[in-house]
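Chains: A, B, C and D, in written order; residue numbering restarts at 1 for each.
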Amino acid sequence: MSGVLWPHSIWLQAAALAGFVLGGIYAADLMERLLGRYVAGAGVRAGALLAGPFREAALLLSQQRSRTERPDAPAWALAPMLLAGLAAVAAGTVPLGPSAAVAGVDSGIVLFGAAMALVMVCVFLHGWSANSFAPLVGGYRFVAQALSFEMPLALVLIAAALPAESLSFGEIVRSQAGLWNVVRQPLGLPLYLVAALGVTFQGPLATPDAADLAGGTRAEVSGAALLAWRLARGAVLVAVAAVGAATFLGGWSGPWLPGPAWTVLKTLALLAVLVASRHLVARVRLERFVVVAWAVLIPLALLDVFLTGVFLL
Amino acid sequence: MAALGAAFALLLGTGIAFAVLRFVGDLLQPPGTSAPQRVPFAGGRPPEVHAWSRYHVRYYAMALLFLAFDMEMVFMYPWAVVFVQEGMKAFAEMLMFIVILVLGILYAWREGALEWA
Amino acid sequence: MSPSDLTTDLLFWLFGAGAVVSGYLVFRTDSMVRAAYWLLASFAGTGALLLLLHAEFLGLVLILMMAGEMTIMAVFMVMFMMNPAGLNPMTMVHQHKVAIAAGVIAFLGLGAVGLLGEFPERPLPETTSVDSARITADLGRELLGESMLPFETAGVALLATMIGAIALASRKGRFGTADAGSAAPEPPEEERRRREHEGSDDGGHHHHGHGHDQSHEHGHGQDHDHGHGHEHGGHG
Amino acid sequence: MGLKDRLGRLAAAAPAPVFVLAGRGTARLAPALDRLALDPRLRFVDSPRQANVLLLAGGAASRLLRPALRVHDQMSRPRGTVWWLPGEERSPAALRLARTLGLAAGDLVDPDRPDHADPAGGAEAVARAIVRRHRELVTGVRATEPAVLPDEEPAPWRGVGPFGQGGEGMMGGVPYGRPMAMRGPDLSDGLELDRLPVRLGPFYPPLPSGLVLDLDLQGDVIQAVTVGANPFDRPAWRGDGDRHGRDGDPFAAALTRPVPLAVLERARARHHLRWLARVLALLGLDALGRRVLGLSLACAPVTARVADAAEGNPADDLEPPRRAVEDLARRLRSRISPITPPWGLAGATRGVGRIARSRLAGLGPVARAAGLPDDARSDDPAYRALGFEPIVQRSEDAEGGDAWTRLLQRLDEAVQALDLALRAARAGDPTVGGPGVVGSAGRAIEGPRGRLIPGGDPPSARLLALVAELLEGLEWGDAVIALASLDLDLEEAGRGPLPGRTAGEREPRRPTRADRTHRSHRTRRKGEVA
């Protein structure tokens, strides 16, 4: 059955993955706009809403890319490219259906962890390279944030790997055949979502690109470079949501619908949660977040590993 | 191996696609070169100095804690794979891990090293 | 030679050369951030070589760890080095004779290990499908079996590292700030004389004052004051 | 049709990205500006890099000219300008500037011209002008505006020095045109790294409009603060609004003649909600901020003439915003039900921007947020007749008052103000103020930022004097929130002494306190506020 729904050709698989990620970016943008309009108490026109992301993209593409006086130009150019590449790798580790992931490596959670660790490099470079005050502060903010969420992110994935006896996401999904991890490891998903907000610098953890820095690392960026940055960030968001769906919501498993459809639906559900925080939760004070991440989130993640181990004995 | 190759191809392919995006943008609208346009934005006044400087990070103690923590954590990956097979032995090992990590955090927290300097 | 072998060879040379070249560029760039990330690129190339050797887990973990650690290194180097972005060109290499000698000796030593050391003769199976999951599991069993003692020792050593790092670096503490009751160190006599002699021509066109700017810089001189950067590079 | 045309047509349908420069007299344009902020055809952006249209709102104060031109030149192409220029600001200098920028007649919108006036206070005409400019730019109908400032490096560096990049030695010279930051003492952990001098304003969106700050930072912690000269330098108070009687400051008007209490309280509610919208946007909750901004507009009719407002106050329109604001206040306060958003506001603002109580006398909501029952309305018989009691935040520690209590206080006061306006409508529309308002010993008018005493300093000037001390030692994010929590208005601060003395005494004194620079070493602080 899955063979019909999941193409064998590597090119078709890559195209399916690209469609999945691009569609996810579009859906996330729509959800953010929709919720924003709702919270603002403004009306919605379907046409303007649906065309919005494309118009925005066209606007940015027809705008000049700005430069600063003495930027680190190669690093500035590299940041969005690498970020997008990492997002693609991270999305590639996720099995969309039962038969395969595009890059379903055996050490999937390590590859995902490595990609998310390198996100720190991208955001830091994006802030550093402009040689301007606000982006610089934004870049340094993200380093503090990343050093704090990376441990819980890795630990909850390790906890999910325990019952699967494997580091691959395919096995992690299969290990949830009886009961999803969201029930079996109740601490996992909430901790993962906090870390996911951190790695996508979204909502309360949008500290590097915050309004109090006039846009932070984006403050000096415009045109195609800004479009690239926003697309790359959206791609990370989709990848992180897809990994969450596979790790905690049973991935492709579900009744009635074919596997990939379940992956898409669950990914959309997590995307909605991540995106909703943008309009519902105020930005945190970074110092507070760092202390809370180390003093509360990491111990909770360790507890998650511990409890998982106890249940497996 | 094939999967790793695919991951590498994804990294490379996406990177190239974004490079093309940038190139197309530059074709449509060449990037700015004039001196007044390149002045970093600070609300209408020019900066006095380069922003690049010996930047005083306030979380250096936390960063050092991370270094040790990171190293400790990677041991957990291979251990997680064999946990079910090894049973009690692996559990005891895990306990030791968790105790070490929690002790580290506890010490850092008591010393106020997590707060920013 | 099958196409897959050819690809592997090509990738080997690509990553190997990439690791060497980016390792070289660490010392040829002026910017601390670039130096740190060239080193990261070099490590990533090495990690990719490990991947080609089917050590999937080790290769990926190397990249995972180095991403965080090179960023921390970049942050610390920018914090403590003069001219951190390399706006004024400078050389990152000092004490050439000693450096060359150390480099040659290290290369010969490592090369000797590579050429003369006895490695287990376990060629990869002919099939391309190596069970890297099994390799990771073997590593796990090793950590729980014969290597348990060194492994646990490493764990305790890392705890000691955490405590030591915090005790040294953190100013705050339960018993008051670390510098309470201590006096600032005096610069060495000759250093002070040199500063006075150099006077005000070392750098300031603006009001932040050159007077105290470099008084605590434990450097060697104006143009090549960057030696300590690499001491930070060692922890990787 | 080429790719460029297709893109242009698609981009033309997107909301126009606008960067707003608030010039002189924007208090008058404020209601219409708020309408523009809510307009779905426009999108206000945080940085000129991302804007296609620069909106100059108000007159060109001389100290704002050069900064405005710099921002103009920093915009990415395609760029264009729309100037919302009231008739009385149409000075020769302003017209010269318009010529320099190459503005066409259609790019100048005059809120006083009959064909530009509309029920939205000119907002519609401006929005249309911006959208037209945006469409012309992205479709290539009109050329982008060229840079105005000379194409000069900040300092000559090409070919200078041993490496030809202007630098010398390790840290010296002007590599690529600018020097490097140098080391200096640190307030926090004593590690002497670089003190980065950062020159901000007057158009830096995280700061109050017009505020010019010279900061020294170590990392993101502020080491020293110098408040620059106030760019707004017009001493006139226009309590009664412009010559059309529009959009005056009713609080200032009440110093010279009676003003209906309901008008004052409506204006107060609107003022506080407007402030709240800005703070919410700074904390990342811009969508909620837009809802609050909409509520603020609902509190006061846009073109309310202060002079006419006495003609009855149909208060029915106030009930919906009152309920909405009350609901928001209740949700923010509730500790038992963290079920409803917005979340995290307390965490983001608690403990940020504390000021010693002794410095807060007469500073209205900021003082009351710190637990001081300081409210001029308590002494006013008209308010007493309506059962007015000042709202005071009970703060746990004596040196209270932080951004969080200020947020709650202003929300509470907005509800109270709407309540008072509703009650006033039922109680025969009492008036407040008039020539009987005398100096500090007696009665004063309670403005939205504090006590207005005839001939005294406006509250913003007194708040401005607190800025330097407040910001020192704060992390950047906290500093922005602390500053916003004060609710500074640079134009009010620059206007000089409040009206209300006898006519002969109103010599046009130069604004003094606000105009002087405040160094962070404070010598003349004592007794200034108390």
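Everything below uses one rule, namely that a residue touches a chain if its C-beta (ideal position, glycine included) is under 8 Å from a C-beta of that chain, and two chains touch if they have at least 3 such contacts.
Please read these numbers as outputs of a predicted model, since none were measured by experiment.
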item	value
Chain pair showing more contacts of the two, A-B and B-C	A-B
Per Cα centroids, the chain farthest from chain A	D
Centre-of-Cα separation between chain B and chain A, whole angstrom	14
Chain B-chain C separation of Cα centroids, rounded to whole Å	16
Centroid distance [mean C-alpha coordinates] between chain D and chain B, Å	37
Mean-CA-position distance for chain D and chain C (Å)	48
Residues of chain D engaged with two or more neighbouring chains	4, 7, 47, 49, 74, 76-78, 154, 175-176, 178-181, 183, 189, 191, 193, 196-198, 204-205, 219-220, 475
Touching two or more other chains - residues of chain C	56-57, 61, 64-65, 68, 72, 75, 79-80, 82, 85, 87, 132-133, 136-137, 171, 206
For chain B, residues that touch 2 or more chains besides their own	4, 28-29, 32, 35, 37, 39, 41-42, 47-58, 63, 65-66, 69-70, 77, 80-82, 85, 90, 108, 115-117
Contact footprint of chain B on chain C as seen in their complex	7, 48, 51, 54, 56-57, 61, 64-65, 68-69, 72, 75-76, 78-82, 84-85, 87, 128-130, 132-133, 136-137, 139-144, 148, 151-152, 154-156, 158-159, 161-163, 165-167, 169-174, 206, 235
Residues of chain B defined as touching chain D within the complex	28-29, 32, 34-37, 39, 41-58, 116-117
Complex contact set, residues of chain D against chain C	163, 165, 167-176, 179-184, 189-193, 195, 197, 216
Residue ranges of chain C touching chain D (in the complex, touch as defined)	79-80, 82-83, 87-90, 171, 179, 201-206, 208-210, 212-214, 216, 222-223, 225
Of chain D, residues touching chain B in the complex	3-4, 7, 21, 47-49, 64, 66-68, 70-71, 73-78, 147-154, 175-176, 178-181, 183, 186, 188-189, 191, 193-194, 196-205, 207, 212, 218-221, 475
